[in-house]
Structure formats: structure tokens, C-alpha cells
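Next up: some structures, all given as C-alpha cells.
In the two assemblies presented below, chain A is common to both, partnered first by chain B and then by chain C.
Our next item is the complex of A and B:
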């Protein structure tokens, strides 16, 4: 359960809407199911009153929507950003993807989000989910008594190693406790690095062979903001699953990881939205870990306007040959 | 579909020796688009070029592939040929089957197979080539010379003579450089000051030359014909235009113990100083590290005695921004530090000196007024040992010293030895050498005079150890010819230190994007054919910044660099290379990655209106490449996450076609 209530947020938004400070509010509303909370644009206090949702399922990072809305809408847009979302927001500002003048960014303290997939793993036919202090009561078609799942058990992957930092670059911040990190986000990367190349290959083949090329990871990714995506090019021969057979297993996700290298803020949206439960964020974390060790620690989106190591040069930078030797030395 | 002609060159036996040129021509005939294929002994000759021209006409060729030497060699030649025959010159591709094929392979089958593959790649690329048209850019008719030694002065004088304004930037308070410190110059033994100082005065008086002394280049932007340079004019705390150089301030300055760098610290100067009597500009400079007034506000004597009122303690560094059409680098050299050469006891004994220090000791304007005495006790030295190649021609792996020959040491050591014997016939002079290298007009005669007429003892071999014992320096050396160990009690040991580029050269090269070798000497565009041009267009090289050089060589290179600059500045406009980056505005998302990696500052952003499919208007930030500034390095094309940047003439699809052709 979130420490800050939905009422606090919608109240704040409604008063700004009524005062004419903002024209739109980018938040969340209920989708098909209780666990399916989806991004939504609100234009009036009434709409907010009716549909606005803020709970443990308001996982969606809203920053990417600002590209579209700052272009198509005239008037200021209020957006709610969790601490981790602000990194994406900042990175997009650095890349000049958002018109900052049209945004009123409000920081929301987050108490950790729930992973619907973890909940659904143990419960079919969910009719409703109610939040309690310690976790969730899951009501299903097949049982009268709701099943209980604790908050820790259901915690979203990215929240396990929450960046835990304060909000950055906001117009306003709502006071409240911020979730504290628990795990090292590179633990799993290290486990993968310790595998033999064969083991690693099989691990990834097993994971990536499930890919159905729904492109949800690409669509949700705040670093994937090309005007035209290379994977949508019908001449590439790989624009859909039907056209290419082993492309998803061998190339697609790795190419995507390369495309966002140095710009990925590790927001974890790719894995969260993957219907096939592929741990895509591990590819990005491997890249982040490598960039950190080659060029010094760097967090994309931490400072607006910062120069990412991959588009920067100083005489202390490692030469490619050194990177190669260094990597060999590590593996030995 | 293109109509491509393939022309395979034998290059005499250079290519034909390891590549079956007929087979290559035959094999490439079947490649897509190829309508004509032939081979010839020397494609670059008049007759060879005529074959190309005739084929363009007879076969209505739209593309040409020449399988020959490196494009660095003859791409320009063949582009001109094509253009004379009415074909766009950028429809010519070179397959390098010499440097990258025949010269590296030993047997004909391998060489031939590779030549065919390289030709195939070039054909695949030409199939996707599009005609390109060079643009034009204006030429700013002003030159910048960085460094005010003999190289810089001579270059500036020659450019100014042709009627173009020149600025000399010199980091020291005076121009003159190393030559001003020398006593006499080989091989004619005329006094350095007598031939240099008139040139310094000429430079000062030339109305086309502006001397920015005590200044350094801070930032370089722009491109050939249109550089924008920011120069930091360091505060000298003396108004340059008012100071008459009378020296009253120097006389009265109470700070008397400042090591005099002009005499290599062998005597002292004041905190306010004029480096030497013939300094240009002849104005005083206050050394902020020693001046009491600047350090703690106590003194102000110089301001009181200056009748002109030129002293200004509040002066600040001044930044000057100026535009130039051409830049000449003349940053010169320095002797290396001898601190690491413990075997020669340079740090242990005052009587072990470097050759440049010897030069000051024998100079009439030096610390001893030209009297050769031991720095330790002021006594006349009776035995002098000269050691050559100190830090020169070292092993590649040696931690101290340089791999290269410093070139000037053999001659100046012969000069030192000869002059010593001439002035002090009671002095025994030994010179230890590895080789004596005296190529140059009247050089060998000069050295032989030292040996034959002046009785200098030249010993082939190296000095192993110099150990100070009491008043003498025990010199241990080997004589390689007699195979004996020598022990000499010397009064003075002179070390011919290797020379290295000035420390300011490396950061300057970065600013100019001019390339350097591993020793920090500037690289020339071609060691034989373009020796005074840097590979960066509009940047020229003069003097020892390019490699060790003596004065005659430096002056001739300075003149050559000047003539190249003049050749550039007489043009009103330059044609620009059309192989530049281009952004596909429909794909660009304005993220600035390209702008961040562009080393030339060629990329800017504009907000552009786009008409969308639904007829709405969208304003988007998109990248724009200034084709006059872009050098076509391609860094942006790889940095662009959207693939919106591409390089004309080297489009991604062309490169991929080449790779595909090779892998086929």
C-alpha cells in the first residue's frame, strides 16, 4: 500500500487544473482488471475524481508519454513521476525529446510497486485485488476466501534494487517516505558473467526463444524514441516474427540493448511489460555495469545535460584494445 | 542501373608481380553493372588515363572502378580523369590492390583472389554511388603563426611579404626562440644574434605582422579558410604600447634572485625583466610568481621609477578572438630533461652541463660574458669531454631518452669543440660519439676541420660513467676502435641532450585536430610529397615541431610553409569536400548525440516545421550539418541512435554493400 494516498495526488492535480496552472494531467487509471493500472490523460477535476488511481499497481513510467503529448497538446501538462521515473524524464530532457516549458512535473514518493505477474502466478481468474498494510488480498472466481500474498513476495523486480534516490528536476514534490533499496542490481549480471559461454548462450536462448515480437519492450522504453524505428522497416526483413525465425533469439534484443546503451536509466519497464516474462533488463544492466567499469560510474538521467561516456571523450578513456585485454583478464 | 568500367593497373611489376591482372579484369567483367573491364601497365600515365576517358565515352560509363594503388596516391588523379571525360568525379572508386594486396602477399593465387574480392567490393559500392557536387567556402585572408622562433618569424615574414596580414603568437615575452640563445651557428660560424635579431626587428616593423607576445592559443574552431582562434594574452602588468624598454624598472626592482630562464638558470634576473637586450617587443614583463607588489601588495618601486607610466599591477589576461584562413604551427623544441641520466652526474655536479648551457657559457651576452669557465668555481677548464647522443637513439623500451636521432647534436658538438680549441688552445677536447652524422652542405668538411685542423679527440664509444671527485670529473668510457677502457680526468663535461617537441604541442594538436606521432612531433600529410602540410586542411608545419631540424632546414621549411599558406590565401573561395555528413530530418529525433561527438563543431540544431500525414504541422528539433565545417570523419553516423546521420560518398548502405560483396 502506498503511504501517499490517491486523494492527495488527485487533489493536488485538481487544484492546479482549476487554477488554470495546467491544462492536462498525466496519471493512471484502472484498466480491465485491478492489477491492470494504465497511463491516462485527464482534462478535468471530475475525470480525476472518477478515474484517477494511485496504488501499488501504478507502475507505469509516464515520462515517455510526454514526448507525444508535449507535441500534440497545447497547454501545460502535469505529470506524476516516481523517483525512478525522474531519471527517464531527465534523460529525455537531456536528449531534447520533451518541451520542458509545457510540463509541470510533480514528484511522488513511492513505497514500492507490485508485480502483477508474481500475483497471477499463484492465482487464476482474479476478480479483484484489495490492498492491506502487509500485502494483497486476491479474490478469484474459484474460491470464496481471498488468498493473501505479502508485499515482499509480490514486489516488482526493479523495486528490489530501487535506486532509492531523491527526485530530481521537478517543479514540485509531494512529501513522504521513499522506498529503500535492498539488493545489488548487478547480482544477477555477475551470476550470468560467471556462467560458461555455453551456459550463458543456453540461458539466453531459452529466455529469448519465448519472444513473440510484440514490441512492447520497445514501445514502453523511454530510451527508444526514434522517429522511425529500424525494426519497423519493411525492407529490413525482420519487421515481424513471421518474417524472421531466429532473429528474436539471436539479434533483436541485443541490438536494442546496444541502441539504448549509455542512455538506459535502468527503469525496468522492458521486463515489466514483457508478456513472456523475459528478463530483458539484465541485458541493459550488463551494459550499464560494463560502462561503469570502463569509464567510471555513470547513471543516465542523473544530471540533466550530462555527457554520457559513450558520447564523450577524454584522454583518460580506455582504448578499445585495453577494454578487450581487460575483459579477457576478467574472464581468465 | 550503373554502367561500370573496371580498370586494373599493373603498376609495372608492383601489382602484376603478385596479382594476375588479366584474371582480375576478366573476373570483374561478370560483376553486376560492369560493362567494360581491362588492364594496363600504368593506369596513372597519360596513356592509361586516356584508356579510361575513351571507355567512358565509348561505353557511356556511369561509374568507374580503378584497381590500383592506395586512394591517397591517385584518387585525385583518376577523379580528374573522369571529370575531364564528363563523368562526375565522385563516381570513381579505387580498389587498393597494391598496398593492401600485392605488397603484402607473396604468391600469385592468393594475391589474385584478394584483388578480385577488393575489386568486387568497389564495384558493389559504385553501384550505389551518386554524383556529388563540392560546395564553396570563403577564405579569410589572414594567417596565424603559432610560435615566434626562427621558424615562425621566417614563415610570418614570407607571408607578410606576399601582402597578407599575419599574427605571430609567442608564449614567451619575446620572439626569437631557441636561436636567440645560441652563440654561433654551424657550418659558417656566423653569430646567431647577428643573423636573427635583424629578422626579429623586420618582423616587428612589418606592417603586415602583428606580434602577440606572452600569449597562448586557447581555442581553435572553424575550418580551412575560416578558422576562429581565441588567443589568451597573458597579463604582463606592463602596458605594452607605452613601455619604452628603457630598463629603469629592471634596475630598481629589489627582487634580484629570480632564476634567469634565458640563461637556463645559470644567473639571476629581476622580477620585472626584459629577457635580453635585443628582445622584440622590447618591453618589460613582471613575473607574478616573484613580484612582491603582485604577491602581497608591498613594493611598487617599478611603477614609481617608470617615467612613461607603463606599469599596471591591475592588468588582467585578455582574450582575443580572430579569424584566420590558415594556421602555421611553429612550436619548436626543447632539450630533454637530464634528471634521469644519473650516470653522467648531471644533477650531482655543476660542471656537468647541457650543450645549450654550454652555448650560453660561450655567448658574449651570456652569464659569463662569453668567458668559458667552470660553473662551480669559475676556473678555466683544461679538459672538456663532450658526450653525444644523450637520450637520442635509445632503445625503444628504454624508459629515458628517445628512439630517434636528434640530428643537430653532431654538428653543434663539432662546433663547440672547434670553437673551444680555437679560443683556448691549451684545452684538451674529447668527443664521444656513436656515429658522426654530417649530411648537409659543407657539414662534413666542417666536422673534418674540427678533427684535422683543431685536433679535437673524437672517440667512437660511449661514456659509461661520470663521477665527481674533488675538483675533477672522473670520466669512464670505452674506445670501441682500440677496444680499450678510457679514464679521463675532466674539468667540464658537456652532454648533447636529445631534443623533444615543446610541451605545448600536444594540447595544441588536440585543438587543431592535427595528428602527431608517438614522439609528439606533428605528422605531415605525406612525408615526401606534402612535407609542410598537416593532414588537417589549412594547418601547416614549420620547423622542429615536425621533427628535429637545424637552422638551414628550418628556414627552408618555413619558406615552404609560407608559400603553401600564400597559395591558400590568394584564393577567394575554396571548394569543399562533398563527402560530408547529412542528416535525414525525417528520422532525426534531435537528441544531440551527433553534436556531442562532432570534433569540428559542424552540427547545429534548428526547430523545423513538418507537415504530418494528418496534415497537422509539427515542430521538431533536427540536426543540420554545416558542409563547410564537416570533415567527413563519420563519428556522427555511428553515434546517431536513430540512424539519421549518413556520410555522403560513404553511406551505410554502400559500406554494407562492400562488406556483402567481400563475404559473398
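Our next item is the complex of A and C:
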């Protein structure tokens, strides 16, 4: 099957706009280079024609923007969602954060996204990036011949272990080539669990020491939707920009991971946007893995309205002490 | 001009480090460069620029200003200052060197910030010319020449040598520390490198960008521009752009209770944050559009208005490279800059 093109998507959006079925289109807008794509709202076919882009760098999960737009805009909003994005969308519906009536959700078949940071790491002065069957040709100022980077090498972290999910909760689905599932997403979690406490401490110490406290990981997260985050509140005593020491900085990440546990769909946005490439998804995946083993497999966002294990009580639930026994038994 | 064979680079670093704390860009495990203290075995990064700018050395992200110790009815003021040691920052790019001038105008204007002033006094800056400018670089738009980096010492790195020349007394003193490894050299290799840098600069994707339509006195022209809406729409308010920016200079000062006393500290703040400059009457900029506009108006209009036309962007490209949604000053300039006074 063919990869779906930007033309197909913008054509679909334009016809719904022109027919008055939707008033706005939430999609991706092209930038200065081939990789710097910005989430954007389009209001006309002309705007779409001019700026709409869909390629392997259209990574941004647009579902969180619907919280803001379904409140501030009157009229229906068409949103393009990749399979993994639909889980965030569904989770937001479960949490009553989006007015579903105002949304027209269109599923985009995804064939795996590229990590712009991985490409840029080894290429200075990029002038163009073109997609080929097997990967990307990266043209730079410093070499006449473009450098080739394979699709696998450039793949976005979250896509490395795409579970080949189907879209859910859509009004319409566009057909096209889809990505084949690959690695087990818990492999790295297991590797971390197998470390000694000291090794694990040093691993996180090294990763989190780069944190610049920008909170982009939280701001982009579809599970972080508090009206006022405690870490933004100057009266809370734990305001993030003012972390008194590196311990407080690390606490932020651990507390955030706790707070989204059971609601995190593993959409991968936190790690993708981190300016310091901190693998935050590993904290979340650890929780997901634990929830799966303690309470049975659970995928946040899989169905609308279900109660997550951590906010649901069942007489068969593990007691905290059993969790310890269980864990110690596992390690033995 | 002095010439140092790259074979002796580590020996030279060791000599400097024996005398001063020496910081230089090194690759980290994430594949990016960051300023780290030099230790035996450290490798100078080949990357064009670091993720975080070197402004941290003069204006740290968090610093204690003073402490208060309470005992009974008396309060002692405790001096917590630590910025009295000379140090060397090596491998600073031309854009970042220029950023210090932007910060100086803010922190050294009377009443001068004595913390910043003493760090500036104690800091020795060794700059290096850029042989591989990135697609995100646009220093030239702000009349910065990456082939003529300023600083106390300017360097040029070729395949086998490092050429150094001192621009200040501090720089002379630093070169004296490594004189046993350097020799006099003509500037043929350096001239050649400058030429090739300039050729690359002309080919950069952002080579034609200019801030000409911005500057002091343009507040009215740009403040209510309709473009701010679409430009700021996707902004997360994360402040990554302000934290990686070498010229962003806003901070907050707070008192932190320690149990028996108080520590007064300051930390970077960001105009992109919802609580920025919150006063008793509330927050002056209640929408992300206003906060977003502030950052760019400050760099392109307000700052030049108060500083003889100097812009407070040096074109380092960090905000282009790190913004999670890829919105940045270049897109703002392009969207607004084409407009003419009617």
C-alpha cells in the first residue's frame, strides 16, 4: 500500500472546510527547513495549500491542543491523528478534557516518524532532507553528495517499539501504508531493572543532570492537563524554575511520572521534545510495566471511560506488602 | 599570532587547568556538546555549538545571593559569595562572545550587578572561529563575523594546529601560561580559513535574513500585528527558548526557608511563564500570545531602543534548534519583517 501524502490529507481537509462540515483544521505547518514543523490551525483551503505539511517529521501529537481549541473556538475542528495520538485523544475524552462534539477526528496511517535530532546530530549545515524508500538523503553545506541515514537509524524513539496499534475513536480513517511493529517497549525497562541500584542511580544522575528545567516535557504531555501545575505555583515551595538543588530537579521528574501513572499512554512526546534528549519515557514505561504486572495488562486510552487500575478498587488488588514480596520474588 | 600544534593541545590545557578552572565544550552521552570542567582525558567537542549557552558562567541558572541566620532576636547576614576566582571559558563562538556585550548592558549599567560584574572580571574568554556554521546560524544578520570572534584570546583551529592571538591583557597573561607549547607564526593559514568561513556564510540558508525593519521606536508598528496570533498559537510556554538563549536575562529573586534561617537566591525566569513578573495586582500578561510577543519584542524592539540600536539576539540558532514546536525568532522576523510603515 502507498504512503499517504500531504495532498491527500490537505485535500480531505479542504473539502470538509469548503462544505462547511468543519470550521478549522488542526494539522502541521511547514517551516524553514525540511524538519522544523509546527502544529498549526488552518482556516481556509488556501492556507492549507500554502503551508500544510505531512511527512516523517509531522511528529507532534495534536490531541492536547484540542483542550484549548474546543474551549476557545466555536465551530467544528478537524484534527489529524496518528494511531498512537488517538490513544491520547481517547484518554483526554475519558478525563472529560475535550468537548467531543466539537471535534472531527481523522486517522492518518503512519509509517513511522523520523527523529530530527538523530539526523542533525551527525549532519552540520543541513540544506535539505529527502525521503527515499529505505531512509533519508541528508544534503548539507559540507559535502557534495548527500549522506544517507536509514529509516531504522532515524526512527523516533516511540516508533522503535510501535505496537502496530490501529486507530481508535475516529470519525473517519484514511487508508495508507502502516508501520510494522518492532522492538519490545519494555526491553529498556528490563535493562534498567537488571542494573544494581548504584548503576541505576548513576544512569539517572547522568541523564537528569542535563535537565534545564524548562518543563517542555510536562507542557507537551497530554496527561499533564492541570489548570495550574504545582511546579508553576510560586506559593507551593516547589516551583520548578527555582529548584534549590539538583535533588529537587530530580524529584520533579519522579513526581510527574507518578502523577501520570496509569494515564500515560506512552505517546513519547516528553522524550521527543526534551531539548536535552533525556529518556523520560523510561520512567513512564517502568510504571506501565509495573501496572501491567500488578493489575493485569492495561493500556491507557484504549477505550473511552474505563477506570484505570490505580483509580479503581477491586478486592483482588495487591496489598502494598504483596508488591514488595512479588518484587523480591521476581528478583530472586 | 601564536601557533600550537594540536598534538600539544592537551598539554596546553593541562597547563591552563593547573592555574585556573578551565571549562570547554565536551560531548555528552546524548551526543550534544556542553561546557564541562576540563579534566585529564577530556576531549574538546567538534560541535559548532553547545545546547546551553555559556551565559551560565556569568549569570548562573541558580545562585545564592546571601543568607540570613536567625538566633533569638538577632539576624545575621551571611556572605555566601563565591565568585572571586579567575576561570577560563574556552571555545566560545563569536555569537556567544557578542552575547556577553548584550548582558553587560543590562547587568553592568549602574546600579551594576556586583555578582555578574565580579564573574565578568574573573572570567577569561577564549573564542574560536566557526569552520562549520549550521543551517540554524544567522549571526551575520546581527553583524557578527564568525571568522573574527572577539574575547580575550581568539583562536582558529585547522587540521593540525590551533592559532591563537590575544586581544586583551588577560589574554596575554593566558597565552604566557602556555608559551612553552606555542611558537610565532604568520597568519597565512588563518587568512585562508577566514576566507572559507566567509564563503560558507554566504551559502547558509538564513544568509539573507536581516533585522533592518526592526529596532527602537517600532513598538507601535509591531505590537498589534495580527501575525502574533498564528505565530504564538502552538507555543507551549515552556521557556526552552529563553533558557538556551545566550542573551535572555530575566531572573527572579526569592527567599528560601532553611529552618533556622533564610537563603536568598536568584534563578533564571522566563517571560514565557505564566507567573512571570507576577505582582500583587496579578500577572501583567495573561495570555500566551502576550508572553510570546514580549520575548521577541524585547529582542527586536525594546532592547535596541534602550541600547543604541543593539539587538538582543546574536543569531546563535539555539531557539531554532531546541524549541519543541519549532517556533523561533527567525519565523517571527520573517512573518513580521516584510511589513513597511504605511
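The rule we apply is simple: the second predicted complex is superposed on the first by the 319 of 332 C-alpha atoms of A that agree within 3 Å, B and C clash if a C-alpha of one lies under 4 Å from a C-alpha of the other, contacts with A are read in each partner's own complex, and residues count from 1 in each chain.
Just so we're on the same page, a contact is a pair of C-beta atoms (placed from the backbone, for glycine too) under 8 Å apart; a residue touches a chain by one contact, two chains touch by 3 or more.
Nothing here was measured: the structure is a model prediction, and the numbers come from that model.
Partners chain B and chain C, once the complexes are superposed on chain A, both fit on it without clashing. Looking at the shared chain after the overlay, A:95 reaches chain B, while chain C stays out of its contact range. The superposition of the two structures on chain A yields an angle of 120 degrees at the Cα centre of chain A, opening toward chain B and chain C, reported in steps of 10.
Of the two partner chains, chain C is the only one touched by A:36; chain B is not. Contacts of A:294 after superposition on the shared chain: neither chain B nor chain C is touched.
By the touch criterion stated above, A:210 is placed in contact with chain C alone, chain B being left untouched. Once chain A of one complex is fitted onto chain A of the other, the partner contacts of A:225 are limited to chain B, with no touch recorded for chain C. Comparing chain C and chain B on the residues of chain A they touch gives the larger count to C. Contact with chain C, but none with chain B, is seen for A:65 once the two complexes are overlaid on the shared chain. Of the two partner chains placed around the shared chain by superposition, chain C is the only one that A:125 touches, whereas chain B remains out of contact. Once both structures are overlaid on their shared chain A, chain B and chain C have a minimum Cα-Cα separation of 6 Å. Residues of chain B touching chain A in their complex: 586-593, 596-597, 605, 618, 620-621, 639, 641-644.
For chain A in complex with chain C, the residues that touch the partner chain are 31-33, 36-41, 60, 65, 120-121, 124-127, 141-142, 206-207, 210, 212-216, 219-220, 232-234, 239, 241-244, 272-273, 275-278. On the side of chain A, the complex with chain B involves touching residues 71, 94-97, 225-228, 230, 259-260, 263, 307, 310-313. Residues 28-32, 34, 48, 51-52, 61-62, 132-135, 200, 203-206, 230, 233-234, 236-240, 243-244, 252, 254, 256, 263, 265, 267-270, 273-275, 278, 320-322, 324-327, 330-331, 334 of chain C are the ones that touch chain A when the two sit in their complex.
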